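Two complexes follow with chain A in common, the first pairing it with chain B and the second with chain C.
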Partner chain A sequence: MAALLKKFGGLPVLALVVLAIYPFAPVVDWALEAATGQALHIDRQLVNIFIFSILALALNLQVGQAGLLQLGIAAFFAVGAFTTGVLTVEKYPFQIGFWGAILISPLAGAIGGFLLGAPTLRLRGDYLAIVTLGFGEVMRIVLLNLENITDGPRGLNPVPAPWLPTLVRDAMSPAGDASIGTLRAMYFLALIVLAATVVCLKLLERSRIGRAFVALREDELAASCMGIEPARIKLAAFTGGAALAALAGCFYATNLTTTAEPNTYDFNYSIMVLCCLIIGGLGSIRGALLGAALLLGFDNVISPLLTRLLQTALGGESTHVMASFSNWRWIVFGTALVVMMRLRPEGLWPSSPQAEELHESAGEA
Partner chain B sequence: MAAPLLNVDKLTLRFGGLTAVSEVDLRVEEGEIAAVIGPNGAGKTSLFNAITGIYEPTSGEVQLDGHDLREPMRPGLLLRWVLTGLGVGLIGLLTASNVDSLWAASIKSQDPNAFSVARALHDGAGFMAAQPRVDLRMGKLFVTSFDGQTTFAVVKTPELAAAALNDAEKRLANPQTDDDKATAARTSAALRVRFGAFLAGLLLGFLAARAVWQRTRRTPTSVALRGVARTFQNIRLFHNMTVIENVLVASDRHLRAQAKLSDPGRLTAILAPTALLGLTAILAIVVRKAALDAAEALPIGILASLLLGLLAWLIIVKRRGAFSGASLNQERAARAEAIELLKFVGLEHRIRDLARNLPYGEQRRLEIARALATRPRLLLLDEPAAGMNPSETVSLMHLIRAIRDRGMTVLLIEHHMRVVMGISDRITVLVHGKRIAEGTPDEIRQNPAVIEAYLGADGEH
Partner chain C sequence: MLDTVLQQLLIGLTNGMVFALVALGYTMVYGILEFINFAHGDVFMLSAFVSLTLVGALGLNDQSSAGALAGGLVLCIVASSVFGGLLNLTIDRVVYKPLRKAPKLAPLVSAIGVSFILQNVGLFWGGMSMQIFGGGGQAAAPKAFPNLLPATNLLGASSHVTLQPKDVLVIGASLVVMSALYGIVQFTKLGKAMRATAQDPSAARLMGIDVDQVVSATFLIGGALGGFASVIYSLYINTVHYQMGYQNGLYAFTAAVVGGIGNIPGAVLGGLLLGLVRAFSDQFIGAQWQPAVLFGILIVILVFRPAGLLGSTAREKV
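Our next item is the complex of A and B:
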């Protein structure tokens, strides 16, 4: 069985196949519905998880692979979402639709990343973290205040669903139900883009740029004495990560059909993405995916489920703050981080050299 | 006489009040093995750091092959600084004139279903110039001053608005009433602020770009790229990379240099995204619900394609593939070269091991292999024999001679007198940051100043 699995590309391909079939046969949904009597729509949550995974991978490129401590990834996510909003909503004349936005929002993110990165990437670790943290907050407040452009706290909506050829749209929508068709379209689009992102990042990891990332993380001085330009490589990673985050933002806005209010993209959001990486394993692509799935899975699947159980146990509609599990999220994330740091600092599913590295140093200490 | 390969001229390096290196001259001829010796703290490693761009010398020059190691001034740099300045200036201008209102004046003022790019540009330019503008509010057209504080007229049709706008401009050009005078004063004040912000941004961007360039004229990277490689006294390998990866990191520069425009893949890399984005731009504009003027859609699409093409060209061609992956063939060639180098230093059995799992002597050899992978003309070795046992030391001496025989010039710092005296063609002696002697090993051995300062007490170190 293991050999068979290996022959066809191993775990990633299996996961891809399962995820590709899932919307048509949501077995987990059925099982949960039978058990609890309530529909959960895991496929809907999976779209969120895919989008969040792209964002986590973007941050992983910057923090994990290039070693740039970035605490304001939500700003670039917001740039992508609002670029998509401005370019697609009916109140503005551009209306280039999802397909135009998906090309232009990463460009906007890249420009933003370049403008922030070019003057600041020469700063050392902690200072860069402060700059990005500040940028994240500034971006949120700017978006709130540019009321003529972003509609301030209301956000831009409705962001239209992606245009699809009629043939594809019909194939996606059972019995002509357009909303399910749109959901599935988003599901597959996000899945495809996520898979492509993973492939590209894997290739990057093995390329000479990937090697330069590792070398710079290990010893910047030695790397620069070997002809690697730290500023340029870091700028490339920062710009690339920002573009990828904006791409995720484009999907996010399209999936929500609104850019959401700027306050959504706050410091907490950036930290939550960072949590994903730390839980999954900083610098590890598979770890980032696992972390995103766990965090969003907890937020959107487990916690509503637990809330329902809790409500049933309490006998009816309790309105107490503690009776809703989503109010526990920061406690749970915080505890998880502390426990992780203590027991498994390399993350749940790190890339192999990093695991060795951390265990070695633990052994030496 | 040809210029020496490395010419260090009166190099001084000061840290605050401490002079680490004081007016040191050092010449290394092509193809020789030269050594720098001296007691601990004599400034040998500081000298190396100054040569390789880690420290900026307080005074003095370092020349490789008769050329200063600092990046020369090019006219292209001036253009870059000016462009940076213009970019920062534009940001200053937009901030000073309020992007939000600019958007409202140029884009929001029009019906999105009958949008004209030309009008948006015209209105935007008018707003930037702080001219009166027309606002659509609750179905009526308000002709107001640039900041909306003075309302000149409220009309119903665009024709009347245009006439009122004309009238308002005339009134402001020649203000009669107090109200008009105040508005005109506000207008000129706003223009001054905008112009000032633009100028300040321009200056700031220009100076900052220039300062960054000046501070990075000589960096470890630029020195390495000009053909000076080095090893470190305290081994600085990439410990968590494998042995071959350590070497491959250093051969990066050749992959980059080989990636030229002639590569057909590169042309595709430019044309494909350009065509794709341009087509999308045209399609998106044509098929969108509220169609633009067809006459406007096409030029915009073409302009977008051209701009993106320019961008792709700048990134891909000008950078000669710095950001694009090397082809598989190049990667294969680099690997073959790395394996050859590892064989040369005797580490072929360690290729897949992590660097930190190597014993000390082999780590030193790996550092040498990594430095060689940059294909240097001059190799600086900082105490290569430190911590080696006698047999390792002997094979190190063979290795250094073999490196010289491959056509490279070697400059080393060493405390092991057997190594220094055994392989060096010329020796320079530093004491307290000053050069006290220079000559062949025999001359140095017999130099009374050296004997007194360094070898004096017990002969061999």
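Our next item is the complex of A and C:
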């Protein structure tokens, strides 16, 4: 514990402790419910935020840390979700359950990432962006059209909840309510995996490969003169990011109990993840977490609240398209992207000051 | 069989013309700034909404007199082209221009942001309480663009191949506009300045070319081409939708890449090629696979010949 505190500082550990206690004492929920009369189920939203954070960290590994502009992260998210679907639903003979799927789906993501990355990573930045975008669309269309395998627009379901030892299950479920037990199980599983991901990525940042990422971003030619192989390092980052995205996809499908329809994993989804990184701070792990929390917080908490206020102000139920705040989300995020790029390109919460300095000196050179 | 092939050739050519017109907007901007203007497809989309609004305001439909239709069409084309050009120019001035010296990611991400904003504007626009928008009750639903040209078959009613006046209009008008663009780029002073800037912006600046003005002109012309294409597209497809800019924009961008991005004849060639591939894949593979086929081609071209069909490899920088 002391070593952890020393390594990561007090804030992350404090956050972890608060999040670990929260489902048993959802004070924010109580306060908001008292204030607005609406049950917001923050703990449910938190599960989504954890899962989305893992996805954002996956993209951060590729875009932020390795500098590979990838616009199709949703494709790998989908690979994870559908691998989990195929491996667990009743339609197929495998039915290996969550614990098997969580091991295999990252592998499937990694294979996908490797196969796409190997021929395309030598392309220059904006071409790579387009190839990954195209790949994302191809994946969506393939999943949509291979109805025999993916059940097309219906998606694969039901994806079973993770198996847990009876002791743990009982401890999680108050008064034997199994649905709350499942929710809490997902909550803690996602939190644990997210925390482990953050720790691994932090360690990676300080490792040989992490330093190679920085070197490649700053000056590829100089880095390769120092014995760093750009192709291998980039491929490693791309494959790793794809695997992590697929892991997030596995959680996503399990949490939703369905793989959702393939159209969920479209270009806009990929861009929303990128949006998180840019708002939080590209290349910054804490920035990615902040971005994910802000984005989902906007969609699921702020937007419904504002819609309610808007409706009250308009006096009753207006069906006009502008009266629902969720219809403003693209203007809000679009403006956020434009404004961030102009005024604070390093994001709201960039990584350590040293990294900032590095960027500044690179800009001057 | 021959009839089918001929018919698909015709569909491919007309579709290809629209792709080519939009692709020109991407390729001209890329040629000069090396920047993918993601919002270009959405400028195209909003221009189509301008036309649809005009058609609604003028009360044009297939029952209108020939004179009213001709006048209305000309008005739509002028309004959409001017709108597209000015919108594109404004976006460049307000959003992209301050980022000229920033890292490449900055304008790209900003363009994605602008694209989002424009799509959202399109969604709200569809919610207008005009008759032609279906009263605005369902803002996100596709809007029908009235069929303003007679649906007669110019090859005679007995022919198996259908050639409608709108096909002739699309191909003819596109050829006129492309020739005009070719004339501007090849034979005017502005065109010379554009070519010089595309070749080497700093050298062009040293030769006394006002690069900022050239960039503005490029955005203006590119946007106007997109606006023009949107009228042609709406007349041809008869549906307008707030997300149509996204997919058509990506296809047009693919066309630009296939032809060799930055290369103006390449964009036209790529557009036609992509239109043909799309028509034949719809016929023989199935329309539901259309995006997969087109983006598959994009990936293959980028991997094996990143410079495109007509592009030179000399421009590639590490």
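The definition used in the following text is that the second predicted complex is superposed on the first by the 343 of 365 C-alpha atoms of A that agree within 3 Å, B and C clash if a C-alpha of one lies under 4 Å from a C-alpha of the other, contacts with A are read in each partner's own complex, and residues count from 1 in each chain.
The rule is simple: a contact is a pair of C-beta atoms (placed from the backbone, for glycine too) under 8 Å apart; a residue touches a chain by one contact, two chains touch by 3 or more.
Just so it is clear, the model here is predicted, and its values are computed rather than measured.
Bringing the complexes onto one copy of chain A puts chain B beside chain C with no clash. By the touch criterion defined above, A:N145 lies against chain B and chain C together after alignment on the C-alpha atoms of chain A. Using the contact criterion defined above for the overlaid structures, shared-chain residue A:R211 touches chain B, although it does not reach chain C. Chain centres taken from Cα atoms put the angle at chain A, between chain B and chain C, at 80 degrees to the nearest 10.
By the touch criterion defined above, A:Y92 lies against chain B but remains apart from chain C after alignment on the C-alpha atoms of chain A. Of the two partner chains placed around the shared chain by superposition, chain C is the only one that A:T335 touches, whereas chain B remains out of contact.
Judged by the touch definition given at the top, the superposed model places A:V321 against chain C, while chain B stays out of reach. After overlaying the two complexes on the shared chain, residue contacts for A:L343 are found with neither chain B nor chain C. After overlaying the two complexes on the shared chain, residue contacts for A:C225 are found with chain B alone; chain C is out of touch.
By the touch criterion defined above, A:L123 lies against chain C but remains apart from chain B after alignment on the C-alpha atoms of chain A. Minimum Cα-Cα distance between chain B and chain C in the superposed model: 10 Å. Comparing which residues of chain A touch chain B with which touch chain C, the overlap comprises 119, 145, 221.
Chain A contributes residues 69, 119-120, 123-127, 129-131, 133-135, 137-138, 140-142, 144-145, 220-221, 267, 271, 274, 278, 282, 319-322, 327-331, 333-338, 341-342, 345 to its touches with chain C in the complex. Chain C makes touch with chain A in their complex at residues 34-36, 95, 98-99, 102-110, 112-117, 119-121, 123-124, 126-127, 136-137, 139-140, 246, 250, 253-254, 257, 288-289, 291-292, 295-296, 298-299, 302-303, 306, 316-318. Chain B contributes residues 52, 54, 99-101, 103-104, 107-108, 110, 112-113, 115, 208, 212, 216, 219-221, 223-225, 229-230, 232, 236-241, 245, 248-250, 252-253, 255, 276-277, 280-281, 283-285, 287-290, 292, 322-323, 325-326, 331, 354, 370-371, 373-374 to its touches with chain A in the complex. By the touch rule above, chain A contacts chain B in their complex via residues 90-97, 99-100, 103, 119, 122, 145-149, 163, 203-204, 207-209, 211-212, 214-215, 218-219, 221-232, 236, 353-354, 356-357.
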